[in-house]
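Read from first to last, the chains carry the letters A, B, C and D; within each, the first residue is number 1.
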Amino acid sequence: MIRYMTAGESHGEQLVSIVDGMPADIKIDEKFLNNELSRRMVGYGRGGRMKIEKDKVHIVSGIRKGKTIGSPVSIIIKNKDFKIKELPPIFNARPGHADLAGALKYNQYDMRNMLERSSARETAEKVAVGALCKLLLKEFNIDMLSHVLVLGNVGAYTDEMSYEQIKKAAESADIRCADKKARVLMKEEIDKARQQGDSLGGICEVVIKGVPVGLGTYTQWDRRLDGEFAKALMSIQAVKGVEIGGGFELAFLRGSQVHDEIFYDKKNGFRRITNNAGGIEAGMSNGEYIVLRVAMKPIATLMSPLSTVNVKTKKEVSAQVERADVCAVSACGVVAEAVSAYVIANAMVEKFGGDSIGEMKRNYESYLKQVKNF
Amino acid sequence: MIRYMTAGESHGEQLVSIVDGMPADIKIDEKFLNNELSRRMVGYGRGGRMKIEKDKVHIVSGIRKGKTIGSPVSIIIKNKDFKIKELPPIFNARPGHADLAGALKYNQYDMRNMLERSSARETAEKVAVGALCKLLLKEFNIDMLSHVLVLGNVGAYTDEMSYEQIKKAAESADIRCADKKARVLMKEEIDKARQQGDSLGGICEVVIKGVPVGLGTYTQWDRRLDGEFAKALMSIQAVKGVEIGGGFELAFLRGSQVHDEIFYDKKNGFRRITNNAGGIEAGMSNGEYIVLRVAMKPIATLMSPLSTVNVKTKKEVSAQVERADVCAVSACGVVAEAVSAYVIANAMVEKFGGDSIGEMKRNYESYLKQVKNF
Amino acid sequence: MIRYMTAGESHGEQLVSIVDGMPADIKIDEKFLNNELSRRMVGYGRGGRMKIEKDKVHIVSGIRKGKTIGSPVSIIIKNKDFKIKELPPIFNARPGHADLAGALKYNQYDMRNMLERSSARETAEKVAVGALCKLLLKEFNIDMLSHVLVLGNVGAYTDEMSYEQIKKAAESADIRCADKKARVLMKEEIDKARQQGDSLGGICEVVIKGVPVGLGTYTQWDRRLDGEFAKALMSIQAVKGVEIGGGFELAFLRGSQVHDEIFYDKKNGFRRITNNAGGIEAGMSNGEYIVLRVAMKPIATLMSPLSTVNVKTKKEVSAQVERADVCAVSACGVVAEAVSAYVIANAMVEKFGGDSIGEMKRNYESYLKQVKNF
Amino acid sequence: MIRYMTAGESHGEQLVSIVDGMPADIKIDEKFLNNELSRRMVGYGRGGRMKIEKDKVHIVSGIRKGKTIGSPVSIIIKNKDFKIKELPPIFNARPGHADLAGALKYNQYDMRNMLERSSARETAEKVAVGALCKLLLKEFNIDMLSHVLVLGNVGAYTDEMSYEQIKKAAESADIRCADKKARVLMKEEIDKARQQGDSLGGICEVVIKGVPVGLGTYTQWDRRLDGEFAKALMSIQAVKGVEIGGGFELAFLRGSQVHDEIFYDKKNGFRRITNNAGGIEAGMSNGEYIVLRVAMKPIATLMSPLSTVNVKTKKEVSAQVERADVCAVSACGVVAEAVSAYVIANAMVEKFGGDSIGEMKRNYESYLKQVKNF
């Protein structure tokens, strides 16, 4: 089992993550981790912070001579704009944020005590942990992409693009959308929203390639792979919807249109031509691409602030205005990749053992042989 | 913490669930539990099994003199159509089911070994466990409804109906849709699909009323209430999408249209007029109605079977045809209620302690006072 | 991961256990399970109940054609003396039992609500679950024994006996002590205590043979094998002490007398001649026999009852007298085996994967080869 | 629930811990934490490292204006003797350490990869986390002590000393033994062992005062308080035995001598005169002092090294000699306190809710009233 916990506040000194259960002998490429952090920071429509942030991981445990050693890996990310000086309190609860519910729950008037931890700043840690998991997945040739499908009310059309084409196109554009035409319209949307002091949301898709059949299980409700993905993805800040494969669209179709027929040929073994299931049947990976989508609500901090209440005076006021992005959908895809990488890495370790990469690969390959010769 | 595990196969002797961590002194009304099981069984479009099933709970532990005593509650549901005789093996993998992925994972040719446990028959246990949780929630006046929003490609219109109206209307109709006009069209869809040997999916909504502010937390990724809901709901058999509040629709809107402004008056304390957040902000309940939706794919077992492969011969064949429903969306809502009840009950016990209802209520009420006087 | 939960009261209708995560294809021998239950019931000094009990498992899920199928296994054990008629309440708190602390915790006057679940009757379930785990361990030639080392103040001398000799001798005697001379004295102790309305405790030892090197880990505090054993064993009713290998005796020795020197020869690989560590170093199995001991306090229910208080009247009274054993140390060893079997089985599944016995064995053997060729 | 994970190697840059689930509004006194770290470092018989170490916590998250805010608390402890330069590999497996089992498990020849994490250096993190938990417990007037009962083969006699006397005496002596006469002999033992290049173990006792009745439960095997203590204590490096209350001694006594009779008077409510149960009955705290003991084996690193094998050459060699203590029993008590503080704090949060200290106290006090008026 791989477990992780994160800690750290948005304007605190540093972010701290511990990842427990990583197998020994994974090659750790810090550049790769930092590059993942950079991918999170790009995106047309990002606010001032993104210029401040030049996040770099500092791995302080669990690694020796460039490889994991089986011990917990801890990752530190310094906050570049940390100031010793105490930041001012916040009493005007921001709608769409942790502020009010958190204040009442934890019995705190100063909602900076909520804001600092509930901030999407924490996604930097998710990305760092996910990057570590990706290095594990690389050993098994498991690869993934993410791209922006919808931003504001502009949709991308990528139906005729291959995995590689989508990946390349998304990576080449700061807005992380694979459809060139849509990009232009999306940027216009962002510019318009910025002018109006408003914010935007959108939909991202994650596609994972190379996942073996049989991760997760239908045998107990809390061990299903779809449930794990749903939890990990819905736990990303601002995400309000998750779907797998055809998702909500499948609700409108007939069974005969939906279920992916099964074929067999000697060379490839069992395979499908369609993938409406998004690579998951009965809570298990079925060997096809895993396809996940998340819906992100618009950024909750608006430059033209919403109406709210001061929790001390109970008077109607404008919501606190904090430095914020107009739109973070591009980053959301990167974060969604990261948490998905964790889900898969954890399931891989569960199925193939997690003491060393050598052992894990041996077990993995003998399982592939079992599947092939079934 | 409330934990539960279920066991039992579709054609086994009985289904067995253990629920650990229920507080003492919850009044247990077996009729209520049985009624919940009946709600799961109705629904236009259900197949032959629904006539066989007259599920009844048999509680064999954890209860004395009609009340819980703090010990684990175990619930037995007999399978009415259990036959000692061994059922025939299944070698033709059904698309959309656990069959093929399960066969490869567990290294079993006879896919009855998968089918029996992955069957939606298990949802009877989820409903029984959820009913137990509802009895806990009743002590805190937490109530819930579910209704069918989409079936096949027919949508219901309920925007102008109140909670009570939707609940009453949904409960009065075997199809569990609150919109009278839509019901007619939905039934026509079902009839058509049945004639064609096809199946249908749909979308259900769960609304939960009376949840106090402050369940769940943003402080750690795996303790968020939205993540818990997503996992529980996505783990329901055949569900491929989950959304909270505005869900995917929010991706298309502006921040100014989405975030629920905050108001205050002495009588009601903090409140909102809109509820796009669906009662959850930053992974916490915010005191508003909790609104959840799930997308169910069409039933995977088709009377006009799909093309597939025999796992022994590797020859192309038609998928195994098992007795099945044309559509189970009506039931899906009841199951979604059940797992949601579990999520809330668990969060309530975490926040208010779980030894006895008396203690829990005392803690709950003093918290409400804290919130009121904040 | 193998997880299990038990449910059921001492005089309830039945005991119910669910074991989740058993690999597929374990041959299930019900006779073996029932035999394990019988082993728990023997023992000189046991009370009336042991004659009533003729426990038999009834496995109602997770098995088909005599083998596990990867689904949760549920085990039912009927209580032979179950009566529908409500048992009388208990208001005189028995010292040494759950009665008083449970009454105050769960806010219940009638302490039958505690007694029924806290009773050692539950150990029947532990033994059944452990028996299932033993069937898994058999596939890997992992075997175990238990025997009584101390009963009352009589000690057994077994230092010169081999594993096989101790096992055979302990199994041949209802008192489950391997030292013939000590047996006689132990029985005398029991007879004396019975005459005096008193009760006895003792010490049992479990030895496990065939556990591969490298289960458990030092890398995180809650994943150590010694911690898991300690938890499982201390959680047995009436156990007040746990030790591994030399245990408390090691505290009195020098390092040079304690640590097991390491040798190597081509045939056997790395090995030790001494085993003061009891097969566990730094929270990991080291390939030697695992040696565990538990101290059991005397049975808390005395025929010459202790002084106590009526929780309703607060008056001084004699403790409730329930049918009870004079001594249950012989049974305690069997229970200790069972929970130890669970700990090992769980660790085996974690290290070698847990989908099917075939896969697990393949991974296990290739690991043994790795160790051999290290 | 309070959870914690630690990370960091003995000669790494820093130790990192994350504590998740601490309630808001606990006053954090860094001096107290540092003082706890100092208590761990004293002790007659400690080696060179203790002079290097001047451990100081650096709390980098979860705290604002001197109080917790409900977010995870991360604690950093720098390693004073960290050198960038790579430390030399270790191929001579040290008996009694993680070296050999870890090398085989993780498939690593250089056993520095084991030594660095399995080192008792990690106990500094346990102490820091425990200190945090103690600050929580202070809010409820829960206090604890530890002292050395046995060191080498010298025993302390403290039967006639009160809690306060033992605490004061133990704190006043670097050897942390409350018996003045024994201290002298213990030091002689240590001196002798040092001269001979040997090492010593011993037994420590922890006593916890002020724990309310009803923490933990008998209802499920893995939720018992005794099991939690046993796991936490046995997971301390070098601990081979754990006992509660009378522990192993109880095995030799009669029931009439063991079970703590119950009394009642209006002023004090229910109470006991004896405490053989060590404050725990049926897996629950019973309101009396909690009494725990651990047996520590002698330090495994000997200056006169044991015989062992080089894992590369397979040749017989002397074990690697690392800087080490002759005896660390004094420190072990402090670590045992720390992990016990965690167990109690976690159980308190489970029973009384864990969002803010104010809420927790309110719930705690109303429970005390319930118990008083029972």
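Throughout what follows, contacts are C-beta pairs under 8 Å (C-beta built on N, C-alpha and C of every residue); 3 or more make two chains touch, one makes a residue touch a chain.
Owing to the predicted nature of the structure, the values given are computational and were not obtained by experimental measurement.
Student: Quick check on the contact graph: shortest path length from chain A to chain C, in steps?
Tutor: Counted as steps through touching chains, the separation is 1.
Student: Comparing the two chain pairs, does A-D have more C-beta contacts than B-D, or is it the other way round?
Tutor: A-D
Student: Cα centroid separation between chain A and chain D, in whole Å?
Tutor: Using C-alpha averages as centres, the distance is 38 Å.
Student: With chain centres taken as the means of their Cα atoms, state the distance from chain C to chain D in Å.
Tutor: Roughly 26 Å separates the two chain centres.
Student: Averaged over CA atoms, how far is the centre of chain B from the centre of chain D? Could you give it in whole Å?
Tutor: Going by mean C-alpha positions, chain B sits 44 Å from chain D.
Student: What are the residues of chain B that contact at least two other chains?
Tutor: Those would be 5-6, 20, 70-72, 102, 105, 107, 117, 214, 217, 219-220, 355, 358-359, 370.
Student: Show me the residue ranges of chain C that touch chain D in the complex, using the header's touch definition.
Tutor: 5-6, 93, 95-98, 100-105, 107, 114, 117-118, 122, 126, 150, 152-153, 193, 196, 198-203, 213-214, 217-222, 224, 226-235, 237, 239-248, 250-264, 270, 272, 276-278, 281-287, 295-300, 302, 304, 306-309, 311, 314, 316, 339, 370-371, 374
Student: Given the complex with chain B, which residues does chain D contribute to the contact?
Tutor: 1, 20-21, 70-72, 214, 217, 219-220, 223, 350-353, 355, 358-359, 362-363, 366-367, 370
Student: What residues of chain A sit close enough to touch chain D in their complex?
Tutor: Checking each residue of chain A against chain D gives 3, 5-9, 12-18, 20, 24-25, 60-62, 64-65, 69-74, 76, 86, 102, 105-108, 112-113, 116-117, 355-356, 358-359.
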